[in-house]
Amino acid sequence: MKSETMILNNKNNVTLTTYLLDSSNEFGNITTRPAVLVLPGGGYMMCSDREAEPIAMSYAAEGYNAFVLRYSVAEHAQWPNPLEDAEAALELIRLKGSEWGIDTEKIAVIGFSAGGHLAAALSTIGRVKPNAMILGYPCILEEISNILATRVPGLDDKVDSETPPAFLFTTRDDNVVPARNTIRFLDALDKADVPYEAHIFYSGMHGMSLAKSHTSSGYRGNVSTNNGKWFEQSMTWLKQVFGDFKTDSIDIDMKVENDSLIYGIDNAIKELLNNSACREILVSKIPVFANGELMISKLNISLRKMSQYAKGVVTPELLDEIEAELNKVRR
Amino acid sequence: MKSETMILNNKNNVTLTTYLLDSSNEFGNITTRPAVLVLPGGGYMMCSDREAEPIAMSYAAEGYNAFVLRYSVAEHAQWPNPLEDAEAALELIRLKGSEWGIDTEKIAVIGFSAGGHLAAALSTIGRVKPNAMILGYPCILEEISNILATRVPGLDDKVDSETPPAFLFTTRDDNVVPARNTIRFLDALDKADVPYEAHIFYSGMHGMSLAKSHTSSGYRGNVSTNNGKWFEQSMTWLKQVFGDFKTDSIDIDMKVENDSLIYGIDNAIKELLNNSACREILVSKIPVFANGELMISKLNISLRKMSQYAKGVVTPELLDEIEAELNKVRR
Amino acid sequence: MKSETMILNNKNNVTLTTYLLDSSNEFGNITTRPAVLVLPGGGYMMCSDREAEPIAMSYAAEGYNAFVLRYSVAEHAQWPNPLEDAEAALELIRLKGSEWGIDTEKIAVIGFSAGGHLAAALSTIGRVKPNAMILGYPCILEEISNILATRVPGLDDKVDSETPPAFLFTTRDDNVVPARNTIRFLDALDKADVPYEAHIFYSGMHGMSLAKSHTSSGYRGNVSTNNGKWFEQSMTWLKQVFGDFKTDSIDIDMKVENDSLIYGIDNAIKELLNNSACREILVSKIPVFANGELMISKLNISLRKMSQYAKGVVTPELLDEIEAELNKVRR
Amino acid sequence: MKSETMILNNKNNVTLTTYLLDSSNEFGNITTRPAVLVLPGGGYMMCSDREAEPIAMSYAAEGYNAFVLRYSVAEHAQWPNPLEDAEAALELIRLKGSEWGIDTEKIAVIGFSAGGHLAAALSTIGRVKPNAMILGYPCILEEISNILATRVPGLDDKVDSETPPAFLFTTRDDNVVPARNTIRFLDALDKADVPYEAHIFYSGMHGMSLAKSHTSSGYRGNVSTNNGKWFEQSMTWLKQVFGDFKTDSIDIDMKVENDSLIYGIDNAIKELLNNSACREILVSKIPVFANGELMISKLNISLRKMSQYAKGVVTPELLDEIEAELNKVRR
């Protein structure tokens, strides 16, 4: 993983932190990864750590690259500063997409509370727009400016056909940002025929983040197995919107054809090693086979199966080469 | 997150990669974190990337610090080289525990296949032992040496009362490492009265890792929502063994006592701002309150509540100071 | 279980089917059970079996008593016939509550599609009201009358402070009953400060019922693990609204106090059997103890523990009697 | 649901209670149902209600028919009385299979504790055998006879190639029936190459049943979300062993082909009603269409779609008839 923090705007303390997963030739079905851009909440007064790295980690654990933007807050919060930060971050991610291994058509923004306002703003009135948005107990209505460090535009009247798909969650009795913010935005999405998913849980504290112990600040009210299901449901949703990593490779057949007329990578390794010509090929391509005594030489495992189990040693290319050479061996 | 790779043994290509989560004064209930040491599988021929970073990420997403050890394999696999690598890694983590923010009494080792053998070896015959072990489709029996790059000791007869608690999972029809490896180890744990949990799923490919699309190499047989439940069950188990992050703080009572005889942080902020003495205190301690027009000044929110929501701005210490000063204001 | 179908209105083919769970002195924490009244959908043209018994079964499996109402449909659908049926059913359940072992303050109505309209009507304009409502892809707006067998009143403007708590779910792309029906009702609940929970899933067919194979009519589009989560979430919600079955009994301590000055039900049974006076008491009260050779006589189990494990044999009353007699035995 | 209790052996108080789900032409993919035969635990001293009807309900909620056998216990427990009861019950279910709508090749037995012993006995030494077995914290070893009301044969040495697939679960620290009972049986299954799945949870009370509040007798120790996952995992397993209800019907395409040359059930109903010949056919077959003003006549819904949504009104046969007649109408 490559995790580093880069400064986007020095004067306003705006930074972007990357969480870029390693690539590997074992991840044969992953050429680029979808990504999430995390916008923590904090009333435009701060960017809460509780809604920053832990959120990035959760999506990274699902194979997504992740970014945390710490946007202009407190004395720098004056709108549209934060929106310009978000636009700059999104543009940077798209620009660096190839270098960072990102599918630039699969970038979701996820924001909480005031960060949810910023995520919704980016998705509606942003100069550049993400491909999907996830809003956690978001501020949407202009009236909510009263509890924020800056007056912000209401977003319930900014939804149009260009708005990307949305996933929203909140709790009904949120006593900081009322649930009507979520309902109004749902209503706008529905009228504009923008696809969405929404979960309004019965009860829970504002700012619950993942609703798990490690993001709770120690408050029991911030922990809820039930409310915490939003994360898993957001992943299921993202896979509906973006599609999943491909898993269409044919499962490897372990059946070894002993009566095949030619040798190949589907023969049992032990059988190949018993044939001197085949053995020579194997050892030359995969030196560890020289250690015949201890190796896989006693099990009914084919080279194709072994390669799947040890792709770092036996790459698909190498496998093809061996197959070609083995095929030439006369039986 | 601090992610870096350090060389433990240059000659044998042994490295330890850290995944250290950031600390924050918002994580008031986390002083140190438990940790997992990940030992990927690969028949002692390689260390599979599919069982390395993705595993570390999954535990990191639950608030654990994580490490991946790439131990001696292939031509360096000669036992006890890998065991010595694991011992060195564990010792290093314990040594650096304070610096890395780790609870050194809560370090679990998790290994897969050959890495499961190594994890079980560390836990039974290791010079130093982890505090818990998680074994995924592990090699345990001496007979399994036949498919490994080195002859290894059987571990079913090495369990004793010093062995730490264990969590095991595999699939019944694993056609590379038979399930009897898991059953024999369970039997040994049970006889030695070592606490354990075990899940043997009905069917699945060897090397399924998280059984999710992004760790599948594209093979459908490596994906299974059902089998993938081992991860969540391992977390529930770890919390039983290690305990959970504390969540015993009293939930903040939003009820504002207007008839209290003294002012304090449980009064509504708007009420405090209406009192000139209180207002002066607030503004001097938290300058953003000077911007009275836009702020939280209109909602019935107490400073205590706000602080929980914005701990980065209002630290517990600051809160105590303000409480003390407000208490002095005559009503 | 007592399952029978009673006729409520012969002319209109209105029936109420009961699913009453057996009581048992082993269910020490269940004196009365909450109940659900199921109103299947079917456009007021029919009552769909797919939303009838399978729904009742699901709640019965959670310890709730259940009822299915087949209300006036097709040529009898003329409003307010169906509402009067629902009122009659609810009144009957409340009337028979004691006989049927039901907590009459914990009756939820659950309806689907047109049945969802009927459930919402009962909860808003009903002469009698349930204590909670669950609405699945409900018809709410007057405009939806166009696809129903009767013109019905819109319910979005009927919510008031007397309306019971609500749980709603639907799918965003329902192409029979638009999701705006759900959104409008949510909006009304929110404005009236009626507690609610809501889940609008991204995609799914109208009429998905439990979204499981056995309620699918064989259509793949009716099966979805993700959408099917509504049921579990509805149970979690019901337990928040109604409370759960009590589980506050002290866990039985297996530690046997051998140094106690008096005998009692916390002594090991084998110890009691070794004392002739105690043995006589045990055998007289629980004849199976006469068979001393084979019984629990060799384990360190107390009678209190055994009773918990075999409450049908050792009732709490019997336990009290034995305790009293044992206490009198001189040690 | 047809629930009734029939006497199998009057002298020994042996009864079989049925839980037979209703059939319906809406359940087009269910001709026969798999079934479970529930054997409650209770040390052969009793049949615990906590492991009887609630278990039957849980499987019934998944579309399975269920049976509870109250076998010979206490003074009638003398082995092989209970085994003969189980054999008789299984034979009766197979005999009545057709009448009761059961797939007689898909009958699973599920037993708990002593009932788990009986289930395993039926599956190994039974005169007739079930098609799968589910064992909850089972008694297996002969030594366990010491806590039972009858001396019973050990079953760990009775497994052979005729033994059906098995699903086992227990808790590691069960202090009534040690987990080694489960481990020994697993070992035997593995050696005989009988397919199995097993979950040994870390900690829990003996007799936890579903581990839910309504089966807890009020003891907190009997409730565990984590341990209670055994039920869901047993269902997933049953579907792997028995297969699932078919869901291979083509999803109905809502796209209405207006340019089709012939009329048919894929045309929008409103279009059909606008054609006098088609209207006549519809009304004659489905009289509710006479009420043209209020009906589905305004939406773009086809008759095929409506039929899926209202199979009770429009059966597949009726649909075919209408299609045939509509096809004859000249366009």
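Going by the order they are written in, the chains are A, B, C and D; count residues from 1 in each one.
Convention: a contact is a pair of C-beta atoms (placed from the backbone, for glycine too) under 8 Å apart; a residue touches a chain by one contact, two chains touch by 3 or more.
Owing to the predicted nature of the structure, the values given are computational and were not obtained by experimental measurement.
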Q: With one step meaning two chains touch, work out the least steps from subunit A to subunit D.
A: 2
(Q) Report the inter-centroid distance (CA atoms only) between subunit A and subunit C in whole Å. (A) 39
Q) So what's the Cα centroid distance for subunit A and subunit B, whole Å? A) 19
Q | Centre-to-centre distance between subunit C and subunit B (centres being mean Cα positions), rounded to whole Å | A | 38
**Q.** Residue list for subunit A, restricted to those that touch at least two other chains
**A.** none
Q.
I'd like to see which chains touch which, written out pair by pair.
A. A-B, A-C, B-D, C-D
Q: Can you check the complex and tell me which residues of subunit C touch subunit D?
A: 1-3, 19, 21-22, 24, 26-30, 42-43, 45-50, 53-54, 57-58, 60-63, 74-75, 145-151, 175-176, 205-207, 212-223, 244-249, 251-252, 254, 287-288, 291, 294-299, 301, 305, 308-313
Q) Can you list the subunit C residues touching subunit A in their complex? A) 167, 172-173, 179-180, 183, 186-187, 190-191, 195-203, 226, 229, 233, 236-237, 240-241
